[in-house]
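Below is one structure. I have some questions about it.
Letters A, B, C, D, E and F mark the chains as written, and numbering starts fresh at 1 in each.
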């Protein structure tokens, strides 16, 4: 498996493109202005890292409810930077790791980044990387401390680093004094208006025009629009469930009311 | 034991049929409409995994009181899928395992699943897999974190996976932020009406028609029907205990009142 | 020590008779109707396991106050079954074991049982096997989880198993969700009437008729009968202490009032 | 060191006389009736173990305030039995032991006892053997569980065992369900009257008759007699401190008032 | 890599200049009188260590809010001492270390210092070195105890040592009885007046005179001056962010109001 | 390093003079009557150990506020005994030790002491030896238990031992039932009167007579005398800080008011 080990070498330096693309499996649908604002703010941080010599390290926290699109947006900003080193630190890559192995894995990626003049590291789902669970509560303090230090440690001479991290649990990070370690943050909201729902559904080609109108009418008449709050990820799942059903409109509308009405 | 080791190889890939059949040792008695609804909803998720390219991973939580039939139903849905890879992750198979061994065992089954184009994994009795005990409370956080990540990790390119998990402790899973990791859930209720009891008893051939009527009359007259709540598994046990007694009707009725009247 | 290792082999399969007989060192005195009821209920469970194909596993919890005779009764029911495999899992046999060794020891006995068509396992004093202590509280969760799974795991094809467990701490087991793992339970009460005391004393030949009458009169006149509550095991100890004294009647009566009057 | 290792062999079987004598370094002063009562009760338990075939195991807890003489009395009862096996289990012999080593050490002494037809084991200062500390609280549960089982485990066929244990913390043992493991207990009180103080001082030859009278008068006049409570061990220490001083009477009286007046 | 290992040798003895310079990457801007006072107090402690034979060990705690300049000031005082041994103990150098490795690393630096007649050790960000997290709370007690002892242990004969430590969490150190281990402390405040802001901005050449005046006017008119509180480190970050924007004045002013107005 | 290893041998037996002298680096200033009383009480315990055959073990706790001179006084009493074995157990000598190593180190020193006819062991700063921290609270229970047993274990035949221990946290030791393990205690107070301050300053030759008078006047006029409470160790530190300043009187007076006025 010469080719495979070659890929691993390539993957461990430079850009882990495949992984990052998986994070945006269903693309970025520009369903409202928030999406554009987040992407352009992300671009600004990329520029600061590239240009300012006084701040060679910039760290940003993307936070918001479960399934609101944080990972996909962070991956998109990272790939758009076109920096020579773009890496993902994710819980999926560390399944079954001991605390020590996690620390080594994370540390290695940062040390690799320090060798490139310009780097982005995406740290996805911090609470999962920390083995966080509210009962106890419990988490890996040694992994937490590793991140706390690495997020503030300036890269060596002339090297520059942008850190993009995601979480659904900003208030837990606050209790850990972790939010202080970030230079700034970006809020990624849920979808809360029927216009955005409509844009997403159109893009997915779930309905014909007639069915689309019918479902929007039902939702609007049911007053769902007033307390709608659903992540784009869940909206995608609901659409695909509905697609299997004989009565797609009914399945879509009823499931959205069940699961997306708890603003 | 060449044959035995061959079986083990076979069992570790593909379908673990023997184990799954054991879960349905006393068959599925269609004693009311709930049973049919759960089975057909299960079929819908099987279809979504088979058909939708946008949602290659679907995870479902079957929850309900102790002995309500969760494991038998999950096993039945899984076997009905006829997917090339159908596997059971159960506490029975991990008796005496260390946390690390559990993580390895679970991880291996998921990795095997990722090699098949279409897979179902039944994860039975999550709270027991997590070594959950309310005193403390205590549980294995490393096994929990492994499951939390694996339940959200998309299978690689073109592979598809359905996860069916069971629990009697949904509210504990909620406290662990575990319920968020599921795309949807199915409730498996206890038997709460005498009609269903009657159907089950007939199927088990515990009584002749006369005795059946007599016991239903006693139960109805005693008002048991109003606060009956008994799992199909316990109803089976009570029937078999009664079968040993000289006065079967009396034993059956008195035990059911003792143990099944605490709705 | 060929003979000794042979004995160990014999002991680890089949029936551990010596150990079980030690549990009934002072015989079973049939001092009141409870004793008979418990023994005949036990016989019924033995029959169910032997006869029903639908319930190859039946588990029973004998619970009651300290010294009420739980272990002796469980051992008696087990020996009366005359099943080919009858085994005792007791804290005495695991003194000084690590958690892992306990798990292995317990697991081995269950696996041995699965090789016999008909088996009884007596699990004595569950709270001690679990290293339970109320301060903390603390206990071995890994041993608990092992028991929780083994008590619900059906034996393989055509094998049948009866589990008889004892505890003085049913409410602790309830807090551990352990009571749910049993199919049924049997209460073993203390001695609470002077008739039973009299029957036991007669059997032990502690007094001549005159002394017996005298002590019962003193106890009755002192009103002890109204709040008497003493385990048969403690009653035996009090009798033997009294036997050493010059004034046996006085020693017996005063000690019984001191130690057996706290119903 | 052949002789030394021989001594160790001898010491590990049979009687550990030297150690037990150290426990009674200053003899037993019969300063009041309690002392005699405790010694004769002790004799009764020795007899029961020797004579009764129904109770081959008897366990006794000596409890009372710090320095009241528990260890000296337990050692004296044990030596007076003249059983062929008399052993001391004490925290001093296990300084620096790991939990596992403690368990092995304790277990070995019990197993050695089981080889002798008649044995006494003195278990001194249980709370210290358990590494008890009220902050937390903390203690070694594995050592506790070892003792809990060994204190109830009947010796094998025809062997008999008396266990004499001491503690200053009976209420802690109660919280551990440990007191239930004893068949009976003996209370060893502090000295609370000036008569006993006088008897002890005379025995120690601290004062001439004149000084003795003078100090008793001062104490009596100061009303100390009404709330005196001092262990015989502390009284010995105070006497020896006073012995160094130029004004022995003053030093003795003032120290006794300082340290022994907190009944 | 002979040269590299030579550097490491040099670095591990004597002065770790590179690391200390990194701590003052953006220089020391003398924006108000506090800055001068802290530096001259620091000089006084340097003198005391150099001159007094009675106090060969002096330890100072620099504390203040996040980003107020503690590390830069401690490093500056240390470098100004021109002692032959000047070392930094920082969390960055111990990323991923086990507790034992941390203890060894810290201990080694102190032992090296004891070999030099005059030494300064900067211990940066104590709470991070201790793996402190408020949830639990948790920290490494073994590292804490190592520091507690080393901070009070006098250097050997004729050796002298100045310890400069920094923290943002003085009240946590107080709860640990750590503050008692220091001989004295120095408070490093945030910037709370617009004059200091103006001096910093001028130094950074962010604006032309016109823009500077405009932003100060906006801030003053908005009343920000009354509850301003911003660390010099954050002020630097805000300036560099603003520098990327098309409307620098607006970006600077709005970000400062967002993030620096929470006095 | 033959000489060095020889020194180590010498140091590990007999008297560890160098270490003990370091504890009294600035001598004992007899600034008031307390100092004399503590030293003469110490002498009395030395005599008791030498003379009484009934109390071969005497243990004394020196307690008082931080810096009041406990260690220096304990070391002075120990050295004055001129016993053949005088040893210091201190946290400084165990920096970075594991719990097990600490236990071994402590145990060894006691065992060495048992080989000498007359021994003193100084156990300095018990709370630090125990790794005590109030957050949690946490401490090493195994080291605590080792000390608890060794502090009560009588030395073997004809050997005698004096234990002098110091602490600033007597109330913590009380919560650990540790104070019971001592035969007696000595309180070492802070300096609370200006006379003692004056005596110390004179001894240190900080001021000329004029400056001394001036500073005492300022302090007296400021009413500091009424709530002064400062350890001799801190007073030494304040004096040496003042010595560096141009205006010694002002620095001394202001620092003493700042740091010594919190009685």
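Structure notes:
Assume contacts are C-beta pairs under 8 Å (C-beta built on N, C-alpha and C of every residue); 3 or more make two chains touch, one makes a residue touch a chain.
Everything numeric in this text was worked out from a predicted model, so none of it was measured.
Path length between chain D and chain E in the chain contact graph, taken as the least number of steps between touching chains: 2.
Following the contact convention of this document, no chain is adjacent to both chain A and chain E. Centroid distances from chain D, each centroid being the mean of CA atoms, peak for A. Residue numbering at the chain E/chain F interface overlaps only partly, since under half of the positions present are found in both copies.
Centre to centre, using the average C-alpha position, chain A and chain F are separated by 58 Å. In this assembly, the C-alpha centroid of chain B lies 67 Å from the C-alpha centroid of chain F.
Averaging Cα coordinates per chain places chain B and chain C 34 Å apart. Residues of chain D in contact with two or more other chains: none. Each chain touches the next in a closed loop, which from chain C via chain D reads C, D, F, E, A, B. Listing the residues of chain C that touch chain B in their complex gives 44, 47-48, 51-52, 54-55, 58, 103-104, 107, 137, 139, 141-142, 144-146, 148-150, 152-154, 175-177, 180, 183-184.
Residues 22, 25-26, 66, 91-92, 95-96, 98, 128, 131, 133-136, 138, 204, 236-237, 239-241, 243-245 of chain E are the ones that touch chain A when the two sit in their complex.
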